[in-house]
C-alpha cells in the first residue's frame, strides 16, 4: 500500500465500548469506505483461566472451562473432563456416553441458535434475531429441566454425568427439537430466501481451504468450504457415542466458488450443522441404554491423578476445542492446562481477511466467523 | 491409509529423522506421534511439516514451565485428511530462553507465540509483532504463567479451613 | 429473469412477518406472573442443621470460596455456622453433591436480589429458613 | 405697553386647565384606543369565527397538537408492532396496553443529563436537533386532511414545497454528525446524506405520476383529483417505489445505514443525549408519519373515502393513514440492512426505472384505453 493513500486514512477503534463489540477491540484503518488495515486486539476478556486451573482440583476445573464460552457450556467443559479421564484411566458407563453425546449436540444447537440471532442483529434484522432466540428458550428449558441450570450446566464430571434423564426432561428435549424443526422452513425463507441477506453476504469474506488452514481455522468456517473436516468422524472420542448414529458430516459446497467460502456459505453451514445435531439427538434418544450414569470409583480416582499428559479434543460449535493437561504424581491440581479455543484462529483471521473490504462488511465477516471472546482471551 | 495423499505418522517420523538426525520420535499410538526437536531445528521441522503433510492445521502452541529454569514448548499440528496428530516438543533452558519464530510458515501460530512470550518469558526471535497479547501493560515482564509467580490466595484463607498463612507478596518474581 | 423470483421472495418474507403480528407473544410479565421452575433448579441453598455434621466438605469443594464455616461460633448446635456468600456463588451444585448427610439442598428460589451487597451474605439463621414456599409462585402460572 | 388684565388672566385659567386636561386626555385616550384597538385586533384575530377556526386548525386539530399526539401514538404503535412481530409484547406497563410508555420515556430522557462532547461545536450541537424537528413538522401544514374545511393551508406548489423542506433533513443530519466531533457520527452523517442522494430521485419521480394525472402541484389538488378513482389503481408501481424510497429516505430498517448500530454505534445520533436525542428520535417518527400521510394523499385518495358526515374527511384520512403506517412498519421490520452503496445501487437501478415505467404505461393507457381519461379531472378522452 502506497503511503500517500494512508495519508487521508482514518483510524477507527471498533470496540471495546462499541455496541456490537462485547469484549474485543479492533483497530481499523479506513480510506474512504474501505478498510485497508485491521488490527485485532485481544485481552479485554482475559480471566487467566489456565493459571486458575492450576489451583483448582479436578472436579472444580470443569466449572472454570464452562465459563470460557457460556453458549456452548457443555462442549467447553468436556475436553477437561476427557483429559482427566484419560490420565486417571476412568471408564465411562455406556449410558453416560450417550447422554454426553445428546447434551453435546444440544449444546451445539443452542449455540447455533444464539449465533443466528446475534448475526442477524449485526445485520440489522431484529425480527430474525428474536425468532431463533425464542427457540433457544426451549433449548434452555431442556437444559434447566435436566441439570437445574440454564447456561452453565456443569453436567459432566470425571467418570460420567451428574444428572440422569427424567421423563420430564426428555419431554422438554423433544419439545425443543420439535419446535426447532417446525420453524426451520420459515427460517430458511427468512435467511436464504431473503434477497437483502444474499446481497449482504454473497462474496463477503471469501477465503479458500489452504488459507483457512494456515490461519488455524476449523469447524463450520472450514466445512463451509466443502471439506468434511470434523473431529466427530476424524478423531472419534471413545467416551462419546457418535458411532451409534448414522450420520454424515455436514458440508456446504457452493458451485460458484468451489473450495472457498463466503458469509452466505457459512450461514448455510450453520443450518446444516443444526439439522445434523437435531438428527443425531433424534437417533440417540431411543438408543439410551440402561445402567449407571457414573462410574462409582471415578470420584476416588479423580481426587488424585497419576503423572501423565493427555490431549483431549472435541469438535465444538465454532471449531476444534482442545485441552492439553499435564499432571504430576498424586496431583490434586493440574500442573499445566492449555485451553485451545477455536476462535483464536477466527479472530486472528480478520487481520488478513478484512483489509480490502468495505467498512460495513467488517461486522458481517466478523459475525459469520462466529468468534467468541472467551475463547481467545481465556 | 492407502491413499497416496495422506501421511502416516510413523512414515512422517522416519522422514523427519532421516533429514534431521537430531530429532527423536516417540509414538503416541493411533496415528499420533511426538517429535522431540532441539530448539535450533524447530524452523526446519515446521517447514518440513508444511511441505510434506497435506492440509495441516496449526492447532496449538504453548509453553510449560518445568521449574528451575527449564521450559518446554509444545507445538501441535493436525491434518484431517491423514488423521494425523503431530506433537513437537522443544526443551528450553535458561532465565530467558529463545526460540525462532515460525509464524511466517503458519500465520496461525503468531498469537500463540505472542502469548508464550508474555506468559513465560520465552523470547521469540524474528516475531513480526512482539506486543503483549492478553496482559495489561503493568504486568509486562511479570510472566504470570511461570510457577514462580505468586498468586493471591487470601480468599482461600477466609473459608476457615486452611490455617492462616502470611499473605504472599503480590506480583511476580521480577517485581 | 430473477426479478420476479426476487419479488416473490420479498412477498414470502412479508407474509411470514405479517402472520406473526397476530400470534400470541412468547414473553410473559415476569414479576407478575412466573413459570414453574423444575425440581432440579439450582437456586439458593437451604441448610438442614438437624442432619449437618459440620464436616466442611461443602466448604472444601466450593470452587469460588463462597461458603465459610465459623467453628468459633458455639451458638449453633454442632458448631455448623455456615455463611453463604451469594455475591460469589456460581450455583454449580458441587456443595450439594459433596454433602454426604443430606444437609444441604438447592431450592428453586432464583430471585434473591437485595438492595445491599451485605444482605447477600446469608448467615446461619437465614440459610436454614425460607421466607416463602419455594414451589408456590406469585401470580398465575404461565406456559 | 403691556397691560396686565388680572381678571382676564383669572378668567383664562379654566381654559388653560381645560387645555392641559385635554392634552392629557388626548394622550390617555390615544394610549387607551391604541391598547383597545390592539385588544380588539387580537380579539378579532382569535375569536372572529373565520380567524379563530384557522388558528384552531393550525394549532389544535389537524395542526400541531394533533400531529404531536399522533407522533406519540406512532411511536407507541411502532414499538408495539415491532414487539408483536418479534414475539415480544412491546410496552405494557404504563396505561392501557402501555400507551403512556412514551410519556415516561420522554420524561426520563428529558431529565437525563445532556452531555456535550469536548470536540463538539457547542451551539450548533444544541441547535440542530430542534431545527430538525421543526423542519420535519412544518410540511404537515400542507397535508389535506379534509377537502372542505379541516385543512391548514393550500398552496398551489405545496408538493414541491414539502420536498424542499425534506431536502434539508439530510443536511441537518450531516451537520449534526459533523459538529458532534466523533468519527462514528461523521460516518453516520455522510451515510445519511448518501441515503437521501439515493432515495430522493425515485421519490420525486414517483410523485410526478399523481401530479401529472391531477394536473396540479398542490397536494389539495392531487387529493381532490382522486374523487372518481384512486391513483393507487392507476399507479401501483409508483406506490411501491414511493414506499421503498420513503423508507430509504427516512433511514429506518432496512435502509438504516446512517444509524446502523452494529457498525457505527448510532450514526449521526451517537453523541446526542437527553433532550437532544429525544428531538432527533421524534423527528425520525415524524418523518415516517409525513411520508405515510404523503402516500395517502398522493395514491390513496386522501380524505376521499366511504364515510360521510361532518368529520368524514379527516376520519377517512386517518384510517388510511393507519393502514399505510402499518405497512411502513411491517416492511421496515422484515429485511436485513443494506450497505450504503447497495442502497444507491438499488434505488437508482431498480426504483428509478420502475417509477418512470409506470408513468409511461399510464400515459399509453390514457391514450389507448377509452374511459380512463374520463375518470381524471383533465377530462377529454
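Order as written gives the chain letters A, B, C and D; numbering starts at 1 within each chain.
Following the convention adopted for this analysis, a residue touches a chain if its C-beta (ideal position, glycine included) is under 8 Å from a C-beta of that chain, and two chains touch if they have at least 3 such contacts.
In this text, all values refer to a predicted model and were calculated from it rather than measured experimentally.
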Central chain, going by Cα centroids?
A
Greatest separation from chain D - chain, by CA centre:
B
Looking at chain pairs C-D and A-D, which one is connected by more C-beta pairs in contact?
A-D
Chain C to chain D, mean C-alpha position gap in Å, rounds to 51
Averaged-CA centre spacing for the pair chain D and chain A, given as whole angstrom:
50
Please work out the Cα centroid separation of chain A and chain B, and write it as a whole number of Å.
23
Between chain B and chain D, centroid-to-centroid distance (C-alpha), Å:
66
Residue ranges of chain B touching at least 2 other chains are none
Of all residues in chain D, which are in touch with two or more distinct other chains?
85-88, 333-335
Residue list for chain C, restricted to those that touch at least two other chains
13, 16-17, 20, 26
Chain C residues touching chain A - in the complex, by the definition given at the top
6, 9-10, 12-13, 16-17, 20, 26, 37-38, 40-42, 61, 63, 90-94, 97, 106
Show me the residue ranges of chain A that touch chain D in the complex, using the header's touch definition.
10, 12, 18-20, 33, 120-131, 134, 194, 196-197, 199-200, 358-363
Residues of chain D touching chain C in their complex?
81, 83-89, 92, 330-331, 333-335
Touching chain A in the complex, chain D uses residues 82, 85-88, 183-184, 187, 253-254, 256-257, 260-263, 265, 333-342
In their shared complex, chain B is touched by residues of chain A numbered 42-43, 46, 48, 50-51, 55, 209, 213-218, 227-230, 234-235, 311, 320, 322, 324, 326, 335-336, 338, 340, 344-345, 348, 352, 376-378
